[in-house]
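I'd like to ask some things about the structure below.
Lettered A, B, C, D, E and F in written order, each chain numbered from 1.
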Amino acid sequence: MIFLTAIENFWISTGIMNLDIKTLIMIGISFILLYLAISKNFEPLLLIPIGFGGLLANIPIAGIAGADGFIGIIYGFGIESGLFPLFIFIGVGAMTDFGPLIANPKMFFLGAAAQFGIFFTLIGAMFLGSLSMFDFNLYDAASIGIIGGADGPTAIFLASRFSERYLGAIAVAAYSYMALVPIIQPPIMKLLTSKKERQIKMVQLSEVSKKEKILFPLIVLSITILLLPTATPLIGCLMFGNLLRESGVTDRLSKAAQNELINLVTIMLGLSVGSKLQADKFLNPETLAILLLGLIAFSIGTASGVFLAKFMNIFMKKNPLNPLIGAAGVSAVPMAARIVNKVGQDADPENYLLMHAMGPNVAGVIGSAVAAGVLLAIVPVLA
Amino acid sequence: MIFLTAIENFWISTGIMNLDIKTLIMIGISFILLYLAISKNFEPLLLIPIGFGGLLANIPIAGIAGADGFIGIIYGFGIESGLFPLFIFIGVGAMTDFGPLIANPKMFFLGAAAQFGIFFTLIGAMFLGSLSMFDFNLYDAASIGIIGGADGPTAIFLASRFSERYLGAIAVAAYSYMALVPIIQPPIMKLLTSKKERQIKMVQLSEVSKKEKILFPLIVLSITILLLPTATPLIGCLMFGNLLRESGVTDRLSKAAQNELINLVTIMLGLSVGSKLQADKFLNPETLAILLLGLIAFSIGTASGVFLAKFMNIFMKKNPLNPLIGAAGVSAVPMAARIVNKVGQDADPENYLLMHAMGPNVAGVIGSAVAAGVLLAIVPVLA
Amino acid sequence: MIFLTAIENFWISTGIMNLDIKTLIMIGISFILLYLAISKNFEPLLLIPIGFGGLLANIPIAGIAGADGFIGIIYGFGIESGLFPLFIFIGVGAMTDFGPLIANPKMFFLGAAAQFGIFFTLIGAMFLGSLSMFDFNLYDAASIGIIGGADGPTAIFLASRFSERYLGAIAVAAYSYMALVPIIQPPIMKLLTSKKERQIKMVQLSEVSKKEKILFPLIVLSITILLLPTATPLIGCLMFGNLLRESGVTDRLSKAAQNELINLVTIMLGLSVGSKLQADKFLNPETLAILLLGLIAFSIGTASGVFLAKFMNIFMKKNPLNPLIGAAGVSAVPMAARIVNKVGQDADPENYLLMHAMGPNVAGVIGSAVAAGVLLAIVPVLA
Amino acid sequence: MQTGLTITLIGMTTVFIMLGLMISAVKLLTVIFSRKNSEKLKNKEDKDIAIALAALKSVLG
Amino acid sequence: MQTGLTITLIGMTTVFIMLGLMISAVKLLTVIFSRKNSEKLKNKEDKDIAIALAALKSVLG
Amino acid sequence: MQTGLTITLIGMTTVFIMLGLMISAVKLLTVIFSRKNSEKLKNKEDKDIAIALAALKSVLG
């Protein structure tokens, strides 16, 4: 008797007996993410942990993403609290050389322009939310818009505050499009520029002194403190990491931030974000809408950057910008800058734009963090 | 007056005034663990933190292992939650090359057979628990049996869920016997094999392709999802670490898992486990029984592996197995495989069994995690 | 309408509208700390995170140091719990070679004498507390005294237990004076010694065997267990780290403690401590008093060490001590030992005191931890 | 006793079934991939990574 | 719709004002420091660090 | 005042007693081990570790 009871209980607790079609689809999607990461080299550092987290979160019975499951615990510790994206930003700050931006500060404008994708998409999401088939409130719309910032940590930070229910879809969209930069951006860039524009060579950047590099993070943070305190967690962590890097007296800590901290947190953040890929939260029309809106956000951001570069050229007859570098303003560091370089070389093999594109590229990181700060400040007032 | 009061209060709070004989014995046992780790090289990476944790936990007044003590806090964070053994498994996965097992998948059977020690011992512990002198329920018996899995993280994970009160004794038994593999296993191996059998040379393993290595962790996890969801936290973490290793695109994360993650967690896990070596929890007949049962579990596991290898040879006349490699199925990676090699070379100095023994060795890790999953699934039903 | 409301709400949430003069002063102080760390190389590994933490904590609206703010969360996790200073001590233990102290154990006395600064200052703080203008109770006085121990982690550990409200000021004082060792100590050292005394050359230290180095941490901990259990968290962590270093069988863990562990925790501890530099907690007469008392503690500690060295020379006619090495007894490792060497070479360029000063230097770490243990044991009885 | 035997029977059966399935799956895998040139993928990937890393290095300094 | 446009207007204005201020600040910085010999500080510091590290190394072994 | 002096007296006495005991213990240690050949142990251990590491390396790749 006891044997039969045991075997029956055992059998009804197998995966075979508990997998429904939706869960299987989510497991399939997780496998696709792993495939894209491994075979297509799509942001593998994030998409492998996210894909694997999605796999584990969808296992029936095990409850790995539940409150007592191990990924559930990590999620509460690092995502709900906002710690993980901020830790990543400390590491990113320690890895980022703002030299190209300091050497040519006008590039800040391109990093600003590319944020237009965020707000355009916010309006789009609000419009969809006004239809009865999509459940998007203002908080959700803001979180969806931030995909256009092309910055994973910023997107996760904002979504964890505003729209936890769509955090999985938003993070997957953000990292997917960052991985798809080589496919999404070039057609837009080519559509909006003439070959002659793409052939423009830019003047060599000047050397940046050590003192400028040390003062840069403090200045950026100070301006943020004065105007937009809500952006200071993100900007503050980015600039803290950068000061560790540039101060010249904290190499131990800078290296720890660039390696141990960012690697360990990436593993945990990836698994946590992946755990939001649960069938009941992911398989709904909203996810499709988020993926579509994210793509729009990305494209509009790219276009806005290119447009502003062309507009700035009206006033810079002598040393014009190559408008391609505007596309790097979306951030997606350093992939977007690489693509600028590649598209530039397609037009003229002698055209080296990489360093020039790094200015708007890192400005875009600051720009999206500022945009997130604005949303954190005014969305609760208007919602 | 105040001086006398102070000095009296100070004196009654010294260790001298608060050490009882049981605490002294536990401190002595902690020193013995440290001695064995340092002088005899017995699993020092674990036994030094465990021994030191035992030392600190038994200090009177200080309350280091209490709820507000620093090891108590770490314990709650990492052991009660199950996080630490799972993090170790991510690191172990990133350190493990499953190539020898993929090259010769029949070795899985040896890793399966060696798990018999777990269940045999579970029955033994239940029998002892039926005597009035030992306080073992079914949960305890399952946790004691898992010592036979010869996998520290698996044993700690299961015991933290089923039998926290005996976690210290179980972990110490598991790591001690893993350290004692060179003493425990060879006599059993020699008893059960003829010299001629020990001289059997095995055919060279074939190369394993990169794709096979990448798909291996996903396949093992998929099968576990289908049949035994309760084993997926352990198997999932092991295979996640292994995918980070084999994917070829996440070297940063793989190295972080193999170094930072596993080293930091080993320190914390060791101290936490050691904190369970408190006099009132350790000095009782149950601990002696656990040590004895653990030894039996280990021995039966070793024997089962060897027996199955001999049985398999009935069907493998052409390329027979050297039955010694069955002993490596208990896991205790890589010590058990090294011992197989050594015992093989005692019989024939030209016999190199190390790589052949690694197959059952790593299969044994999977095997015990599966066994733990079975126990997690059916013990609550039967208890 | 909605636009005007939004813009008004946005404007009143800017930093400009919310910065008061006290907050601006604290931000200024944070910048000064960063300046001293970067330009003057004042303990930059701690003062950059502390200064940046101070900056972030004083940002209005953002609430970074609040219960839900990211530094507030880290503070609760690592400082309130006492974990961070203890983790630092594990790392310090793994970095410390006690060889010079084992080779010349009399140096322990100098590390003991230098603790007098702690108790002298405690009395001074109690006196100030008896005046109506300073709010210092016995717990605060003990925490202020410990600044004289010249050990950051010990000071933070004690203050987090006894006097959280002054933790910021105490930590800043402790690290500032450790950074100011080259300015504070030499005049005192020269005042209390004759040139002839400063020229004394000491005999070569003998080799220390590996076994002695392995047993040293266990012996120090055992004595602490017997007499002063309240000091065992600090001494225990220090000696655990040291055993990882000296055992010879746990290199992986020793290196992890010396690098990953101490670097990551230093970043987090620095930010957390800095977050106590909030205007309402810092800008008060008590902070000035703490800074003054800390300076006194440091100076008295230095003088006590030198005096005891001179006193010991009465009994050591044959191989006298250079009394300068007494100053290293305050700890502030290894800066204080370096200063001893420098002042000694000022008197005689051929006088190499560095290794001799390391004995009292590392003894001073143990000495202050013991002093902290005494305070933890008797202050609650007397308060 | 009955409980212990039940657990043992279910346990060992499950272990053998699952590890047996893993054998079959791995064997299938080997059959599928042993014919293909598994080096092709690797080289392609190595190159991709090398490019990405070189860019990153040149850019992040 | 009004809400969305409000957010967009405030958002883009803020982004441009803030990043514009950063441009001015950085330009000011460049003007201040481009005349000075920025190498002096560096060398001095390097030496200090080298001394400290050498001492630490010799001492902590 | 009385409290402060009490703490100072107990504190400094404890510090000197404990660090004094540490001196005695270390001196005892030195006496015990200075006669023995402390190299023996080390060599043996180094060899053990080397073997274990070599095996691990060969095995874990």
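Keep in mind that, in the parts below, a contact is a pair of C-beta atoms (placed from the backbone, for glycine too) under 8 Å apart; a residue touches a chain by one contact, two chains touch by 3 or more.
In this text the structure is predicted, and so the values were computed from the model without any measurement.
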| item | value |
| --- | --- |
| Length of the shortest touching-chain route, chain B through to chain E | 2 |
| Furthest chain, CA centroid comparison against chain B | E |
| Counterpart interface for A-E, drawn from C-E, C-F or B-F and sharing over half of its contact pairs | C-F |
| Identity of the chain that, by mean CA position, is farthest from chain D | C |
| Equivalent interface positions on chain B and chain C, same or different at half | different |
| Between chain A and chain B, centroid-to-centroid distance (C-alpha), Å | 40 |
| Distance between chain centroids, defined by C-alpha means - chain A, chain D (Å) | 30 |
| Centre-to-centre distance between chain D and chain B (centres being mean Cα positions), rounded to whole Å | 23 |
| Separation of chain D from chain E, taking each centre as the mean of its C-alpha atoms, in whole Å | 46 |
| Sequence positions of chain E contacting 2 or more other chains | 3, 5-7, 10, 14, 41, 45, 49 |
| Numbers and ranges of chain C residues touching at least 2 other chains | 2, 6, 10, 41, 227-228, 248-249, 260, 374, 378, 382 |
| Pairwise chain contacts, counting only pairs that touch as defined | A-B, A-C, A-D, A-E, B-C, B-D, B-F, C-E, C-F |
| In the complex with chain C, residue positions of chain E that touch it | 2-3, 5-7, 9-10, 14, 41, 45, 48-49, 52, 55-56, 58-61 |
| Contact set on chain D toward chain B in their complex | 1, 3-8, 10-12, 14-23, 25-27, 29-30, 33-34, 36, 38, 41-42, 45-46, 49 |
| Interfacial residue positions of chain A with respect to chain C in the complex | 81-83, 86, 90, 214, 218, 221, 225-230, 232-233, 236-237, 240, 243-244, 247-250, 252-253, 255-257, 260-261, 374, 377-378, 381-382 |
| In the complex, chain C residues that touch chain E | 2-3, 6-7, 10, 39, 41, 95-97, 99, 334, 337-338, 341, 354-355, 358 |
| Interfacial residue positions of chain C with respect to chain A in the complex | 2, 5-6, 9-10, 13-16, 18-19, 27, 31, 34, 37-38, 41, 44-45, 48-49, 52, 55-56, 59-62, 64, 69-70, 73-74, 259-260, 263-264, 266-267, 271 |
